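Following: one structure in structure tokens, then a few remarks.
By written order: A, B, C and D. Residues from 1 in each chain.
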Amino acid sequence: MNSFGRLFRVTIFGESHGASVGINIDGCPAGIALAEADLMADLARRKSGAKGTTPRSEEDMPEIISGVFNGHTTGAPITIIFRNTNTISKDYSNLVTSPRPGHADYVAQEKYKGYQDYRGGGHFSGRVTLGLVAAGAIAKKIVEGVTISAKLLSVGGRTDIDAVIDEVVAAHDSVGGVVECRATGLPVGWGEPFFDSVESAISHIVFAIPATKGIEFGSGFAAATMRGSEHNDAIITPDGRTSSNNAGGINGGISNGNELVFRVAIKPTSSIGVAQQTLNRETGQVEELVIKGRHDACIALRVPVVLEAATAIALADLLLVGKAYR
Amino acid sequence: MNSFGRLFRVTIFGESHGASVGINIDGCPAGIALAEADLMADLARRKSGAKGTTPRSEEDMPEIISGVFNGHTTGAPITIIFRNTNTISKDYSNLVTSPRPGHADYVAQEKYKGYQDYRGGGHFSGRVTLGLVAAGAIAKKIVEGVTISAKLLSVGGRTDIDAVIDEVVAAHDSVGGVVECRATGLPVGWGEPFFDSVESAISHIVFAIPATKGIEFGSGFAAATMRGSEHNDAIITPDGRTSSNNAGGINGGISNGNELVFRVAIKPTSSIGVAQQTLNRETGQVEELVIKGRHDACIALRVPVVLEAATAIALADLLLVGKAYR
Amino acid sequence: MNSFGRLFRVTIFGESHGASVGINIDGCPAGIALAEADLMADLARRKSGAKGTTPRSEEDMPEIISGVFNGHTTGAPITIIFRNTNTISKDYSNLVTSPRPGHADYVAQEKYKGYQDYRGGGHFSGRVTLGLVAAGAIAKKIVEGVTISAKLLSVGGRTDIDAVIDEVVAAHDSVGGVVECRATGLPVGWGEPFFDSVESAISHIVFAIPATKGIEFGSGFAAATMRGSEHNDAIITPDGRTSSNNAGGINGGISNGNELVFRVAIKPTSSIGVAQQTLNRETGQVEELVIKGRHDACIALRVPVVLEAATAIALADLLLVGKAYR
Amino acid sequence: MNSFGRLFRVTIFGESHGASVGINIDGCPAGIALAEADLMADLARRKSGAKGTTPRSEEDMPEIISGVFNGHTTGAPITIIFRNTNTISKDYSNLVTSPRPGHADYVAQEKYKGYQDYRGGGHFSGRVTLGLVAAGAIAKKIVEGVTISAKLLSVGGRTDIDAVIDEVVAAHDSVGGVVECRATGLPVGWGEPFFDSVESAISHIVFAIPATKGIEFGSGFAAATMRGSEHNDAIITPDGRTSSNNAGGINGGISNGNELVFRVAIKPTSSIGVAQQTLNRETGQVEELVIKGRHDACIALRVPVVLEAATAIALADLLLVGKAYR
């Protein structure tokens, strides 16, 4: 469903071309300074408009409609909405007839028996991550002392990212990328064994970010090629610092006091200008599909702030759970 | 915490060298034929003893102590316990003094302030996955029509797996591996958007399997190097078959009727016979540590059946959730 | 926290004198006809204005800002907000200095360390039940075939309710009442043993209705005075009809096919015009307090539709859970 | 389902005449002194054998099979099982043919389609509360400083309880009763508004106790007959003491620092020696049923310790949640 978290619990809602998208946060402690302005920096980072991102320019103005009073959180649920202002009114029913490859059009039609809001992907749209970014900005305030920072490592397997984007835009195509997230300042002991492990929590929320295809912590897939004598991180200080960080800051699902490091694989944006094949559900025939409209050539460009938000939300939840048991 | 699932809810418990390990399953539908014997095939696959696995040979005999009557599940919670019979009685307090690199010894000591059962890793032990395998055997019965199959793809980056194991055993070292899991027969529509996506659910439970460092679905990390025109899977039949399967059977978090495919990276077993450095918490000095005792040279060898179990549990839960909303 | 339900999950938010109150519903099946107009009848029943209710007249206009498309639910989360339009701007800080007896003023101040929205009770206000009523109207559509009906049985222990209200209003006082709720058409088998019993689910949500002091099912407290030979309901038909209904339609926590019957005790509105004693937190002295403003002389008058809503929500959730296990 | 609690999470399992009953506790903080012996006093109080209780005398010996090491909780899940040793082997299938009035026999047969363990009520048996009492003994240790005490107030509406029991036993009948529970030492601020109110949490778990028909807090149903001027509790000290306690120690769902007081109505034991009418499901005729075997004439006699346990579990959970948000 659309909620995540045990104690810092977010519920996302909204559709790409509906009235709004937004988020509800239940379990935010009272007394945190908060105003709409505090959300703007992260929301701006998520915003499209740069080369390789969609020209659609929503205002993305958050409105906090509950849970804040006198400039602080009250302990009651916080609801933040974003009115959709820049939706283009047109007939989207072709997305039902000719489901776009790589999109959720087909599965949504089957699962919701045609009742889904299919306009622009509806509730499956990446636009729903707006709420996530807003909640992430709040979560970052909760995980005080922890600095979370994500950046794009590569695009299309290359690090000359600008050049790749130019090529892809010219080809009316799209391209994937790898984003890395690091969190410093995490103390020892966050996370719970097994199902509330730091990896379980983070991967759970990260795969809610559309276009995510993989996640790896620390050495990640490279660990599968290594020997134990090479992979084990020697503990070298009483506060748990290790000589290397193949663990990515986690042992047994619990933060070990070293830097938290993980990477995610983002697939190429599914909407492309290149002609593709897809089933026409009315004719039953495979036909050529050319997608028009505004799209990101590389959605990975916009993922870092979303990934930071997801990480902050997961960590805020683990922090609160940990406080309960201390 | 130690539970997973919304409707098919498993709770694992137990310690490596305590009285028992086991699992509770709340939410198993009534009327499924079940006896201890039904669990034995999967438990045997998990069993150690082959080359590259620990010589410790527990009986691994499951005892179903609730929830089954007249050879069928009753709808009441099922509890399965495994008595630990082959624990070697000795002093394990050196694990507290000299925490093993790569293990949870250090974080457990910090998090539980010395109250953790540190013997053989205690509750952090891979032995706790016994319960998961038992529950997985039951979950497989629930996801009727779906066939889940996992296998080891590579070890130490190589596919001549036997040879690698020989080398590693000879070196008293350990080695990682990649395990792939496939599920066929999954209909369209399992999973929910965002936080209950198939990927979120599976990755959540998979990272509860000790030694997992990464997971990727379909094209996975390769997607980050691809273009959209290359990555998009063309839909070619009315029931949603696609010409390729870069999606790994999932769009928008929902199963699309194609084969579910994902891979996990398993790190090398942390316990090795090779001398390592670690902190002596009494002296405050970094000292040499040589781990004795029984260990797996390649824990990835034993992961496939655990991964199948985890997958079956996650899918059984999504199946039940999906039935509720139909 | 502010969520209820496992599969039909509601999250309430908002404050009496903040920007809005509202509700998020996650897990509403797709395909249910829904428009704002469908909520108006129940919202009107909740509305104040009749004798004995507060003269504050909010528009109580619901706005559905997500989850509905083409006049039907989409399967995505539904968010409904009510803008607060009729809040009177004034200084409410006296509620902090002189906490009103019977209200949450004192506990909110302690729990949230002064960060709570104290205006008109803030998030503790009965106004937050607006969202509950809206969600209840939707839940009633889900529990198709079940008719839920609540009514006021007595006020101040008397059934000449109009007369009691007149007396109480004249005395600037308030009075409690008993509300009974009945649901017909419930099939056998809703609810789960123990913690998801019909009684557990209903009582859980009913005690979220402000002013509720007690609940009893079927014979209720009278059962404590009865003998088994008198209390047991004889089963007389193959579909489970019983000759009496002391069980109130539930055995072992599960609906038994007979009418569901329960009653709740509603305390007198805490805000009264009569002078009371309370602590002045600044002076540390007990002082006289006279509460001014708009209040309900008998909040029980407005409870029936809220109780129906709460019941519908609990039953919708149990229905969905039950469908999963069938 | 069979779990309760967000952070101190109990899962009950087992059947009256199966291999065992028991409980799993996930989320018990590490470092609490615990041994089987600590559970015996409460288990003994629950035990049958006194006048008016069933002569069935199980050993009721708890076995802690996980989560305890060196005499303390480890932070890992605690599992406690009770082997059923005194089950009488016989044919119980008559409970299916002739469902006992007031019992769950009929609903269980319908809900689980005949797969339920029907022997002695199976999973619906009051015997399952054994685990609850064991978990309650642990929860009492967690809510340090809080003293929870329940007692029987009346039986059959009378306070000469011994005399009532004699009459009822002589008549081969059963009788209901009222049990009151009080908790002192509760600080201000436990519980959360609305769905995690103290009343919601307690009523949820209390209705899991078989035979419970009603619950009321503080003034309870009497509140419905009172005026506000009479019902409001004047706050008279800076730490929130009130001159009266109609609130039962709770305002707005939050503990207010005064004594927590509530009462529950327990119905007469359904199993009686007196002849009753019930449907014979084979013949389709209503026939006379005489129940043989061991039964409690007044189950309310054994409820106080179960009620204390339920209360302690609910409060322990609220305590942990509260700690998270501080």
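Observations, loosely collected:
Criterion: a residue touches a chain if its C-beta (ideal position, glycine included) is under 8 Å from a C-beta of that chain, and two chains touch if they have at least 3 such contacts.
Note that this is a predicted model, so its numbers are computed, not measured.
With chains reduced to the mean position of their C-alpha atoms, the one farthest from chain B is C.
When the interfaces A-B and A-C are ranked by C-beta pairs in contact, the top one is A-B. If you average the Cα atoms of chain A and of chain C, the two centres end up 37 Å apart. Measuring from the averaged C-alpha position of chain A to that of chain B gives a distance of 25 Å.
Of all residues in chain B, those touching 2 or more other chains are 1-3, 7, 12, 27, 30, 75-76, 111, 123, 193, 321, listed in ascending order.
Viewed as a network of touching protein chains, the structure reduces to a complete graph with every chain in contact with every other.
By the touch criterion stated above, chain B contacts chain D in their complex at residues 1-3, 7, 9, 11-15, 18-22, 24, 26-27, 30-31, 63-67, 69-70, 72-79, 81, 111-113, 115-117, 119, 122-123. Those residues of chain D whose C-beta lies close enough to touch chain A in the complex are 6-7, 27, 29-30, 75-76, 193, 320-321, 323-326. By the touch criterion given at the top, residues 1-4, 12, 99, 101-104, 106-108, 110-111, 121, 123-124, 128, 154-157, 168, 171, 173-178, 188-189, 192-197, 199-201, 203-208, 210, 212-238, 240, 242-243, 246-248, 251-256, 265-272, 274, 276-279, 281, 284, 286, 300, 321 of chain C touch chain D in their complex.
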